[in-house]
Amino acid sequence: MNKRVAVFRKEHFNAAHRLYNRQWDDATNFRVFGKCSNPHYHGHNYELEVRVTGEPQADTGFVMDMKVLSDLIQQYVIEHFDHKNLNLDIPEFKDINPTAENIAVVIYNLLRPHVSEKQELRIRLYETPRNFVEYPA
Amino acid sequence: MNKRVAVFRKEHFNAAHRLYNRQWDDATNFRVFGKCSNPHYHGHNYELEVRVTGEPQADTGFVMDMKVLSDLIQQYVIEHFDHKNLNLDIPEFKDINPTAENIAVVIYNLLRPHVSEKQELRIRLYETPRNFVEYPA
Amino acid sequence: MNKRVAVFRKEHFNAAHRLYNRQWDDATNFRVFGKCSNPHYHGHNYELEVRVTGEPQADTGFVMDMKVLSDLIQQYVIEHFDHKNLNLDIPEFKDINPTAENIAVVIYNLLRPHVSEKQELRIRLYETPRNFVEYPA
Amino acid sequence: MNKRVAVFRKEHFNAAHRLYNRQWDDATNFRVFGKCSNPHYHGHNYELEVRVTGEPQADTGFVMDMKVLSDLIQQYVIEHFDHKNLNLDIPEFKDINPTAENIAVVIYNLLRPHVSEKQELRIRLYETPRNFVEYPA
Amino acid sequence: MNKRVAVFRKEHFNAAHRLYNRQWDDATNFRVFGKCSNPHYHGHNYELEVRVTGEPQADTGFVMDMKVLSDLIQQYVIEHFDHKNLNLDIPEFKDINPTAENIAVVIYNLLRPHVSEKQELRIRLYETPRNFVEYPA
Amino acid sequence: MNKRVAVFRKEHFNAAHRLYNRQWDDATNFRVFGKCSNPHYHGHNYELEVRVTGEPQADTGFVMDMKVLSDLIQQYVIEHFDHKNLNLDIPEFKDINPTAENIAVVIYNLLRPHVSEKQELRIRLYETPRNFVEYPA
């Protein structure tokens, strides 16, 4: 039988962004992205849910110590993104548009090297309580 | 590697319903469905969560524009169901019992033609904060 | 110094209703209440928050035993309203329109005789997570 | 007896801002406001809760039609603030720092002329789920 | 096409616990589990989400009557765990550490015999709103 | 006009407790407090909401820097209570019963000396999402 358990840890960060494709002129950006493309930016309280799946260790009963997982997310994501402008302050978004989809992929890539290869990793990111994404799906 | 991302959009509607199998007499309906079969109806604030899974487009970074998804749900579900009596006002429930399970299947069928065939669709419907369903499972 | 503490207990019920003034014709009801006046009813998950304010008793440390408060709400409100049609099944709404404001006043009047006169009572009623009322204000 | 009822309506907007006192140099701003003073801005999903207190009207049972209240908030606040940069795009913050406290006072002043003088108005503004303010207190 | 629907029911219980491996001395327990190993215990409001997946029955439209599912959870889990000390009062944790992962596995094993073999069962357990687990993953 | 604004900061802690009056024998404790008096304790995720009311400072726009308020709560409450047994580990509850009412009064008294005398202080404490208290009321 399947012995794998998934553990989830939620963290949050606040950031500004605008949706913008630098290959397009402003009129095209505005037509496609609407008010989300406001050149002075807008922002969100992002809620980040990180899921790690694996077998619990026999001696601790942990798939992964939640304190360790929380510290990893702090170190590799929150300190990097919190109270920042995603377009201007985060090198990962120099060439890609900071949609929720792309932010989730970037966060996955930042965390993946720090989680055991035997464990599966998945990111859920809430841009608002009504709009959110998951990667990988 | 899996490049698919899932995007989720939440909408809500308020509706009355009763659980009722027209093949059965009232006593049987009451025995099986209890107070949920009250002939004068009761109601819920339904929270609807629609999930669309696919690859983000290279130029927008969107799996699907959330505004477009929200408009689809408004047009094909919310305008149809909101502030209605599911048993009396919605033709889809003329012959089927408006359980949360069946409502989720009906909503899936209403939305499926309007989402790209390359994309997967899944419905989560909260009847109350403590009772909810997902289709397909 | 003020020694009074407020205790709050949340309960919920599901009900159908329509907004309707029987002094008016249907066209007027529809003009004033819009889709909330749908003759086949719609419904809500009502969240009810009851606040009782008083001095904690020296021996228990309770303003009021939450179990007792919960039982009172069950007996005088929930069993009365849950899975009902407010317009048709609840005598209190025979002559008054079941707006959230009026439902809160009715609930206050149902509970007031069962709470000590030395204690203050206040009702908060959520019709949806975005629409709610308080009485007395 | 007090016949007044309070009605509440929740709306939301997303905006970018930075905390900044233009009388101070950048070092002072950074010392006082920390990362909230990041010159490239950060942002929030603001949840706005508007409370109007008055006596319900005899014929409708409404203190105020929630649809009318929602429309007022849309017209005078949301269309003005949503997906904007509070510091750059909103004239009200040209000379005052967009703290949650000041935003709540500005929103109060925008709405006050449009609510009956017989009715009391109060604003609650959530900057994050853990930080919020009320005005007047 | 897949006709399976998942139904979810949420219940809660409050319990005390400490993380503790009886093979280890106190210093090792404290080094590994930190404040979660406080010998006088601490506690949580556990939120339990039970998911049952199967095909809806033709006559009821139910995968499983939510009332029946709620009663099963009450009988086999809540009455057993609520307002208890997991380490001292629950025989299942005599030899295993009551981490969220292990509690979810124990709950799964308690419920599995009471759900139809044709139906899939999954447990989600929230230890806090920010830490939760799922089994099987 | 009233220029006062209230600011709120939410923090949380997890703790074990039992309701118990040491003047009474066990049978009386059990009769009055029921399962809340389990001698092996049970526990909660307490959500603490601290409200400070005053006039915003002209130069910062803050009633009180939320970072300062959060640090005060951490220092005087959370480090003291988190992952503890309220009955055994917290001297304040040596002689008083750790009901939600009494915990709120104790927290008020711990914080009051550290908030300006010109400012009003109020505590809201959630023992569960459905049971909570406020002091002073």
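By letter and in written order, the chains are A, B, C, D, E and F; residue numbering begins at 1 in each of them.
Throughout what follows, contacts are C-beta pairs under 8 Å (C-beta built on N, C-alpha and C of every residue); 3 or more make two chains touch, one makes a residue touch a chain.
Computed from a predicted structure; not experimentally measured.
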Which chains lie in contact with each of chain C and chain E? B, F
When chain C touches chain D, do the two copies use mostly the same residue numbers, with over half shared, or different ones? different
Furthest chain, CA centroid comparison against chain E: D
Among A-D, B-E or E-F, the pair whose interface repeats that of A-E, with over half of its contact pairs matching by residue number, is B-E
Which chain's centre, taken as the mean of its Cα atoms, is farthest from the centre of chain C? A
Indicate the whole-number Å distance between the mean C-alpha point of chain A and the mean C-alpha point of chain F. 34
If you average the CA atoms of chain C and of chain F, how many Å lie between those two points? 28
For chain B, which residues are shared contacts with two or more other chains? 129
Can you work out from the touch definition every pair of chains that touches here? A-B, A-D, A-E, B-C, B-E, C-D, C-F, D-F, E-F
In their shared complex, at which residues does chain E touch chain B? 1-11, 53, 56, 59-63, 66-67, 120
Inside the complex, what are the residues of chain E that reach chain A? 19, 21, 23-24, 32-34, 96-102, 104-105, 129-137
Report the residues of chain B in contact with chain C in the complex, numbered from low to high. 12, 14-17, 35-36, 38, 40-45, 82-85, 88-89, 128-129
